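Structure in structure tokens, see below.
Order of writing sets the labels: A, B, C and D. Residues in every chain begin at 1.
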Amino acid sequence: MVVNASQPVLEMRGIDKRFPGVHALSKAALRLFPGEVHALMGQNGAGKSTLIKVLTGVEAPDAGEIRLGDEIVHPECVGHAQQLGISTVYQEINLCPNLSVAENIYIGRFPMRHGMVDWKHMQQDAVAALKALNVDVDVSLPLGHYPVAIQQMVAIARALSTDARILVLDEPTSSLDEDEVARLFDTLRGLKARGIAILFVTHFLDQTYAISDRITVLRNGEFVGEYLAADLPRMALIEKMVGRAIEESAFARPAEDASAEHAAQDTGAPLFSARSLGKRGAVQPLDLEFRAGRVLGLGGLLGSGRTETARLLFGIDRADAGSVDCGGAKRQFRSPADAIRAGIGFCPEDRKTEGIVAELSIRENIVLALQARRGIFRYIPKRKQREIADRLIAQLGVRTPDAEKPIGQLSGGNQQKALLARWLATEPKMLILDEPTRGIDVAAKLEIMDMVKAQCRKGLAILFISSEMAEVLRVSDRIAVLRDRRKVGEIDGAGAQERDVFRLIAGAEQ
Amino acid sequence: MSRNRLFNPALLPLAVTSLLFVLTFGYGAVAYTGFLSSQVFLNLLIDNAFLVVVAIGMSLVILTGGIDLSVGSIIALVTMVSASLVEHHHWPVYVVVPLCLAIGAGFGALMGCLIHFFQLQPFIVTLGGMFLARGLCYVISIDSIEITDPAYMAIAHHKIMLWGENFISINVVIALAVVALGVFLAHYTRFGRTVYAIGGNERSAVLMGLPVGRTKILVYTFSGTCSALAGVVVTFYMLSGYGLHAQGMELDAIAAVVIGGTLLTGGVGYVAGSLVGVLILGVIQSLITFDGTLSSWWTRIAVGVLLCAFCLLQRGLEHGGKRQLATT
Amino acid sequence: MKAETMPQPARFALPAPLQGLTRRRLFWPCATLALLLIINGAFNPNFFSITVKNGHLYGALIDILNRAAPLMLVAIGMTPVIATRGIDISVGAVVAICGAVAASLIGGTLIIQNGTPVYVSQTPMALALLIALGAGLLCGLWNGALVAGAGMQPIVATLILMVAGRGVAQLITEGQIITVYYEPFFIIGNGFLFGLPVALYIVAAVALLMLLLVHRTALGLFIEAVGINPVAARFAGLNARRILIMVYAFCGVCAAIAGLIVASNVKSADGNNAGLLMELDAILAVTLGGTSLAGGRFSLAGSLIGALIIQSLTYAIYSLGVPPEINMVVKSVVVLTVCLMQSDSFRATLLQHLRREPR
Amino acid sequence: ADKKITLGFAQVGAESEWRTANTQSIKQSAKEAGITLKFSDAQQKQENQIKAIRSYIAQKVDVIAFSPVVESGWETVLQEAKAAKIPVILTDRAVSVKDDSLYVTFIGSDFVEEGRRAGKWLLDNYKGQGDVNIVELQGTVGSAPAIDRKNGFEEVIKAQPRFKIIRSQTGDFTRAKGKEVMEAFLKAEGKKINVLYAHNDDMAIGAIQAIEEAGLKPGKDIIIISIDAVKGAFEAMIAGKLNVTVECNPQLGPQLMEAAKAVVAGKQLPKRIVTKEGVFPMEVAAKEFPNRKY
């Protein structure tokens, strides 16, 4: 380890930042040494992203100093920070969906030839850069054609392709599956060996311990401490982040509810079932059954068609084969509104573009789906809206001064909770959760999982999609496995292991 | 790896638009005698050269997600300034033209600065610019000023003979040069790609460290310069300065750009498409004059209906085309 | 920081969250309007005087309100359209169409009744007005269908009606100015009720209706959601298309009412000139009122104030004796100044410079 | 004639009743004269007119006629017409070109002269004593009739210093604007206004409404002079609300068709064909009204 290199490349001290109504950072501090991977940890809204934005000149701090080597610097804009040798992947994917994949990697520093952008050269470079991350896509297509995970890989490729002294990665792995993460970590280790300092934010503790040398913890915008990863046990880290102790058993798979009533739910008629539902070019016709009080997990690798299945179920894309059976009635959902009326809710994986309505308040975002179902004229009075919003905010622990704040100003994890609140407000019969824990901190993840379970117990059916296989295994009663947009099998969730799923996936290969 | 494909789907709108132009022209050729001649096609270029020039500038602005309503007025202002300098003060053409371009650039840069530094909406700022430039015309003179300067006359009357009796004017050369410049800027320079990035997502462009502010100001400067150049082209075309020249041209330009396949929300489109857009507007007009039986109001209705039919067809074809591409 | 807190005059108490919002949003438009009125008053001593003439109030302020009525209506209609990220540049043409429809249906034929000549309407007036409003609705639905149904870009979709609509209006009037002789029709644009112009009551009614719809139903929420993030709105179960069509239809109806007021006011319909360039003024009014053209949050009251700002400015130009040649220059300078004043970053820059000056 | 003549006519637009009457007259008389008419509407844009003329050249019509939007800027396209040996007739207003062989003849009225006549009528018929305060409603800023009618009028009333234009503002040739501007004038100047000079009848009719609403008697408290002599003006005169209107004759059709035939037959035409135009004061309105076609 190079951790003990004498002098830090970067030192931030006493950083203060206020937003209207929020004290996002107060006396936050951070030190980065060359050749280390440094994890910045903290709960949702702890101020991690804000600290990074201050570092890279997106937000101006109200107080504090930033020292790069011996110099005090005041990064004015992202371009300036890049010149100073800081390369960043921001939390929400900040790329241009209309530009080609290759351009997204190289824009700002195109290879030029005769004063013109050298497209050919650039595309070759882009293919190579992505190959290093094991991504094989047509780099000449617009980025928007690809799912979030690919976009995230492109963002990483962009940051890696600069020669920076400092690499900042704000939750780069939130949509990636394990293979990709492993590949990314290999690359990071290579960079580390070259003496590059890497700042890394994640909510996956496994990943934190797999890659980082040192950990800085923030809580409520304040600096809690800096630790060597090796010296800080997992539960201690959680305690530092959350500010209170959490029992280890909370992370285990909850005990089975073995009541007779519960067992009956597995045998009776399902609440909803997809009957050879499919769409050409998207998903091969498949059957899925959703039972009250049961979680159906959807397993599969990146691009296996999980999101597309969810979209078909929710009526976003129109299926060209099959139907959804709701309590005996065959339905073909033509729009999300149809699905919602049938009692389905859907938390999309890309919350920025498909989930939140950024400039509207949290309250308005929460009641939106409920109000949409009631129509224009059966208006929920403001007072009632506030009641609903406040209740759900409290229930889900959304960190916000009040419900009238624009949802766009919340930290990512809190946005996700607010979206969940939107669907719980409609009291659905079934909830589709596509990557619901993306970007959510450990404590909140537990809360959300508990919520999911609690709702389940009240008779909600859930379709659960997550790139984190462990999570799927932990909550699902049954797991359907997809491969190449085809269902290849279904296994019982209880006692299932990761290798069972992988065996299914591999089995389909022959 | 870039997969080989027969056809790049991003080019579909452009192809559809071009196809529709050919179809429309073909219809005219069948329906009206005298329509099927190369000079009728060249006349489209001669008569719309200024619109082509403005539309190129406008394309870049629209690609950033902005809009420039001041173009028509800047044209009028430039014709007025050149006419009064040339006629009343006897300045030579080689001084007047660069000066006019500088005025246009300055005007555009000013609007760009307002938009960027004070976060004003492009629509309003350029609307203000539109009123201002038009107003300044009348400050110079409310009457039209005729240009009798021999140099101007020579340029205006110069015919570049192509084949047989067919000719184009110098304006056409200018317009095509601007198209080439526009295409080059948009697709082969950092500036151009930044324009697209801003249109795609301005915030992302900032976070990618691109020079967003500078590019936005430059885009309006470029559009201002194009408008000024279009003004010069108009001066050659009509040999007069007049405060009422090019009224409502901003809408024609916007329509041409949009018909050319560029999205008003920014980030998507081809600069070359705007040339086709202009040609389509031109051919609609030609069809109506060749018909020559429509009353004033039926003329308007016909233009509207053709525009509508055209846009619907374009959308339909694109939709169908996308499906075809998706299934193959 | 984006939101600048500024000193605010104390106002009547509103519920706390509402207070903060209205204050910040409408402060600058109101200030601008006040300033323009003061300038008007300074140069024209009679400006604020209101007398009673022929049993109704008479004065410059009444004129401004009365003249602004059509613009206010169109601005009310335009606001939700802009909130959904759209734009409707066909309103001027719709004004012309509806005025032409009403005028040509009503007309006025001279007959001798009990020895006195009276003008009677060719079509019952109520029916004629309904048909005119229906025409407006139809225009709006057409725009809505093109935008929401065919997915055309709003500016181009409405450009079609802007071009063709004027032709339709002229077709109805056959290029003539249709003069109306039927007295009851004049009430809409010229009549007075309790001393105030009837047109104002119409504006108030439409504005009230819209305010009710926005604040007492979910319409406001839906419009804003669709304007800010149409995808997310659809995923939340909104029928974005239906909302778009409604919004354009409403805009068409507003323009139709404006058309009736204009036609009634000059007792005639002019297919070519009625409502000419009104779309620009309406868009300007909406923006001056603080609604962003990028869609999302909107303010109806702001748009009304915006319309009044424009009309006061026009009035100032007329009554101050500004030579017509520089009308446009004056207008543009005022508009740009107002926009700058409303820009937070401009005020911040200005304040910085002022602070730097030695005291 | 053995072959049917084709006439390409590029109209300015349909911006006013006057223009519509003009168009109608041309269409009507083309039909009567057995001439094939190719008509196009430029919507007040010079570039559109030029395009239309180019397309007439491409269509090889026999004669081209047009009402120029402005005087200047026609050299290039007229030379093309000349090169194609197509004769050109101007209607309504002249163009300024160095080489006047570019057009055959010009049929039409003279806007400056109309302004002069309006001024002259005022000087001859104004009865009151002392200073005369005139307010002027101009046409669209920069448009030819607005400029010329203003100049003609001013030229005449300059002779008597007691006639003063105290306010002048554009009313865009429309009733609505005319009314709006007049309202503002009345508020600002009150009873001081003696005379209103409007560049067309429409604005005068709008202004009359404003004057009535202000409680004054148009035609008596304020003398009203306007130009064009459209039907509406006659109605106002019969009602005693408008004092005089100067005719600007749109019925150029018959003369144009005659000229077209003569040109094709190779006859020599005078460079300027003047149309018959009158001045109609209030007193003759009732008698003249039945003769009005537009």
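The rule is simple: contacts are C-beta pairs under 8 Å (C-beta built on N, C-alpha and C of every residue); 3 or more make two chains touch, one makes a residue touch a chain.
If you're wondering where the values come from, they're calculated on a predicted model, not measured in any experiment.
Novice: Among all chains, whose Cα centre is located farthest from the one for chain C?
Specialist: Result for max centroid distance from chain C is chain A.
Novice: So which one's got more C-beta contacts, B-C or A-C?
Specialist: By number of C-beta pairs in contact, B-C is the larger.
Novice: Distance between chain B and chain C based on Cα centroids, please, to the nearest Å.
Specialist: Chain B and chain C have C-alpha centres separated by 31 Å.
Novice: Give, as an integer number of Å, the spacing between the C-alpha centres of chain D and chain A.
Specialist: For chain A versus chain D, the centre distance works out to 71 Å.
Novice: Where the centres are mean C-alpha positions, what is the separation of chain A from chain B, in Å?
Specialist: 44
Novice: Residues touching two or more other chains, restricted to chain D: which are they?
Specialist: Residues 13-14, 20, 23, 141 of chain D each touch two or more of the other chains.
Novice: Identify all positions of chain C at which a residue touches two or more other chains, and write them in rising order.
Specialist: Where chain C meets two or more other chains at a single residue, that happens at 170, 175, 324-325, 327.
Novice: Quick one: which residues in chain A touch 2 or more of the other chains?
Specialist: none
Novice: For this entry, which pairs of chains touch?
Specialist: A-B, A-C, B-C, B-D, C-D
Novice: In their shared complex, at which residues does chain A touch chain B?
Specialist: Going through chain A, the ones touching chain B are 58, 77-79, 81-82, 88, 90, 94-99, 103, 107-108, 110, 112, 115-117, 123, 127, 136-140, 142, 158, 280-281.
Novice: Can you check the complex and tell me which residues of chain C touch chain D?
Specialist: Going by the criterion above, the answer is residues 44, 46-47, 53-54, 58-60, 63, 67, 170, 174-177, 179, 190, 262, 265-268, 270, 272-274, 276, 314-315, 317-319, 321-325, 327.
Novice: Which of the residues in chain B end up touching chain C in this complex?
Specialist: Interface residues on chain B, with respect to chain C: 114, 117-121, 123-125, 127-132, 134-136, 138-139, 142, 251, 254-255, 258-259, 263-265, 295-305, 307-308, 311-312, 315.
Novice: Across the complex, what residues on chain C touch chain B?
Specialist: Listed in rising order, the residues are 89, 146, 150-153, 155-157, 159-171, 175, 271, 280, 283-284, 287, 292-294, 324-333, 335-336, 339-340, 343-346, 349.
Novice: What part of chain D is in contact with chain B in the complex they form?
Specialist: Touching chain B: residues 8, 11, 13-14, 20, 23, 27, 37-41, 43-48, 50-52, 54-56, 58-60, 69-76, 79, 96, 98, 140-143, 147 of chain D.
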